[in-house]
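Shared chain: subunit A. Partners: subunit B in the first complex, subunit C in the second.
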Partner chain A sequence: MEAVVAVLLGLPMTLLVTAAAFAIGLVGGIPLMLGLRSRHRVVRLAVRFVVDLIRGIPPIVWLFVLFFGVSIGALRFNALAAAIVGLGIISAAYLAEIYRGGFATLPAGQTEAARALGLGRRSTFVRVLAPQAARTALPSVTTFLLALLKDSSIASTIGVTDMVFAANTFVRQNPMTAGLTPFFVAAAVYVAISIPLAIVARRLDARMRRSA
Partner chain B sequence: MPQLITEANELATAGVTISHLSKSFGSNLVLDDISMTVAPGSVTALIGPSGSGKSTLLRCVNLLEQPDRGTVTVGSTTIEAGAKVTDRALLALRRQVGMVFQSFNLFPHMTVLRNVAYPQEKILGRSRAEAEERALTLLERVGLRDKAQQHPGRCSGGQQQRIAIVRALALNPRAMLFDEPTSALDPEVGVEVLAVMRELADSGMTMIVVTHEMQFARDVSDHLVVMADGHIIEEGDPRAIMAAPSQERTRRFLSAVLER
Partner chain C sequence: MDLSLYLPRLLDGLGVSLQLTALSVVFGYALGLVFALGVSSIHRGLRWPALVVVEVGRGIPALVVLYIVYYGLPAVGVLLTNFWAAAAGLTFTVAAYSSEMIRAGIQSVPRGQGEAAAALGLSRLPTFARVILPQGLRSSIPALMGLAIQSFQGTSLAYSISVNELMSQAYQVSSLTFAYLTVYVVTGVIYAVIAVPATWVSVWVEHRLARGHA
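Right after this comes the complex of A and B.
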């Protein structure tokens, strides 16, 4: 019981890191996606390189680099900021790719019809393509969020006091009695958040499909 | 039956002139020095075997494909290939020309009403109320007013194509392009679409129709153009050509289509 309380004290931090990184990713993924779809080859290649680079480096390395490596003048990241920024950057790269995939599955006829009607590039993108791409991308975005929730636990390695950090601490402080219980508790909480989220996402997806 | 487009009589419809148009995809010459004139208010049917370039020619008229050489004129707007085409000139041309596709291409995330109203708001600057009123009037005329609040996915192919025609008409185009409008439809459903097109032709709209519907080409069009391998091999009065084609290639094509 004590273990449960101790681990749950880490829950707000887990949720904070996940939500903040996801928010950065949702917004930051948009300009990256635009770059991946740019009409200019140079821009496309440059952004492609950046996205692949971000995704190619393991999350834990990102956090270590940001936490231990960045000290520009007065700018130093504390553990929480490093975790949020690091996971945020990674999320932006993955979500950019997911967004791009959402656009890629749209039939060419949609763009052609919009152009033939005389709609400009902007209206075509914002009013015709983007809403459809968002629908196609939604399941992948949710899957990514669930993965991010669990990946946020690596923030514990740089000292962010999330659920895994709390479980770890509890085990160290009660070496004789704790056993693996705190980790099972943490696992149960992750599952308890993930499953309802997945169900909501599936419902949303099904509803959108029906209206489409 | 009321006239489908009263506006067609108010706004004079425009003629379409294509001159010395060429287009290649890579090393494949798809259109080779094509010239063609469509008089205002007339209907031209474009027929020929697949791969003959007829769809590409149609798509060059509103610049969905950029021709390599030649000019396209619709009404008073002329676009010359090769020269840098500004977005403004492109929009000016497209706003005069409506296009209907084989695969309808309605916007699946909008209701039928929004499909027809949204482009009017954006392009003609109509208010939402005004645009929706016009959309409902036009939908009524093709018998689909009751579908206004549905999404296109709930409509049959024939209904979707009629909605696509209405969506284009709502913008008061001065000419309409049809790219095999009935090819994706069952024959009995295609009839509904052809009926709307026939009415549109009767109301004086300039139309260029790429089609395999020989009966429509013979009965409705004023002018028949037969294409093969990127060339116009024969053109003239539809009945005359169908009765007695002057080219062997045309004869083979017609007998193949009519036997089907």
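Right after this comes the complex of A and C.
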């Protein structure tokens, strides 16, 4: 029982890291996606390289670079900020790719029809393509959020006091009695949060397939 | 700080990371196939346990799985070195993820294939093993390649249970040299030098396979 309380005290931090990194990713993914879709080959290739590079480096390395490596004058990231910024950067790269995928599945006829009706490039993009792409991308975005929730546990390695950190601390403080309970509690909470999200993702996906 | 002094240590670590990747991918995909067969089984007694194992495996962070294996196995009398504990934990996570990819591949095989095989007089087992499964696995190849790249990156989590893979070596080197930024950036570059071209290869393979199908 003690273990349950101890681990649950870490839950708000898990949710905070996940939500903040997700928010950064949702917004940051947009300019990256625009870059991936750019008309200019150089821009497209450069942004493609950046996105692949961000995704090619494990999250734990990102967090260590930001937490231990970056100091601007006397300014250094604290653990929480490093975790949020690090996971936020990674989220932006993954979500940019998901957004791009949403646009890629749209039939070319949508653009052609909008242009034939006299819509400019910008209105075609904002009013015709983007709303449809958002719908297509939504299930993948939800799936990504699930992955991010689990990846937020990596923040514990730089000392963010999330659920995994709390479980670890409890095990170290009660080496004789704790056993594996704290980790099972943490695991159960992750699964408990994941299941409703997974159901939502599955429904969104099913609905999209029906209407497609 | 001279790169040539610590690069060999990082590359030693990379060797361990690659061993972990190979083990977890080979055993993980084999186990994943078993889970996928369980989840697609018509027998409830097989389907439900398999489904629970897969959903739990995908629902729990790999880091938590590693801690459970690392702290848990000694409690039940199984003594593994850190390396094998990490290999076991990563194998389980990879198995859970790969089983869903393999299952999706099997499901994507058109029903007509099974009907045609039955019409030709093939019984259930050969139909599945020789007609459905090969085609299903073929369409799950791109996803499985992506997962292999993710698994390679995931081996960095073994740092948390003190396996001397790339990330642990980076940590030790950086606390000796205090060149945190350089060491971790070099480490990131080492991961990326393998993961990024591997991603390009998997995209290329995906295009090739899609072309074959069209």
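Basically, the second predicted complex is superposed on the first by the 200 of 212 C-alpha atoms of A that agree within 3 Å, B and C clash if a C-alpha of one lies under 4 Å from a C-alpha of the other, contacts with A are read in each partner's own complex, and residues count from 1 in each chain.
As a convention for this text, contacts are C-beta pairs under 8 Å (C-beta built on N, C-alpha and C of every residue); 3 or more make two chains touch, one makes a residue touch a chain.
Here the structure is a predicted model, which means the values were calculated and not measured.
By the touch criterion stated above, A:171 is placed in contact with subunit C alone, subunit B being left untouched. When the shared chain is aligned, subunit B comes close enough to touch A:123, but subunit C does not.
When the two structures are aligned on the shared chain, A:196 is found in touch with neither subunit B nor subunit C. When the shared chain is aligned, no partner comes close enough to touch A:31: not subunit B, not subunit C.
By the touch criterion defined above, A:183 reaches subunit C but does not reach subunit B. In the superposed model, C is the one of subunit B and subunit C that contacts more residues of subunit A.
By the document's definition of touching, of the two partners only subunit B reaches A:109; subunit C does not. By the touch criterion defined above, A:12 lies against neither subunit B nor subunit C after alignment on the C-alpha atoms of chain A. On subunit A, the surface touched by subunit B in one complex and the surface touched by subunit C in the other have no residue in common. The residues of subunit C lying in touch with subunit A in their complex are 55-56, 59-64, 67-68, 71-72, 75, 153-154, 156-157, 159-160, 167, 170-171, 174, 180-182, 184-185, 187-188, 191-192, 195-196, 199-200.
Per the touch definition, subunit B reaches subunit A in the complex via residues 62, 64, 87, 91, 94-95, 97-99, 101, 103, 105-109, 118-119, 122-123, 151, 153, 164, 167-168, 171. On the subunit A side of its complex with subunit B, the touching residues are 107, 109-110, 112-121, 123, 127-128, 131-132, 135, 211-212. Within the complex formed with subunit C, the subunit A residues making contact are 52-53, 55-62, 64-65, 68-70, 150-151, 153-154, 156-157, 164, 167-168, 171, 179-180, 183-184, 186-187, 190-191, 194-195, 198.
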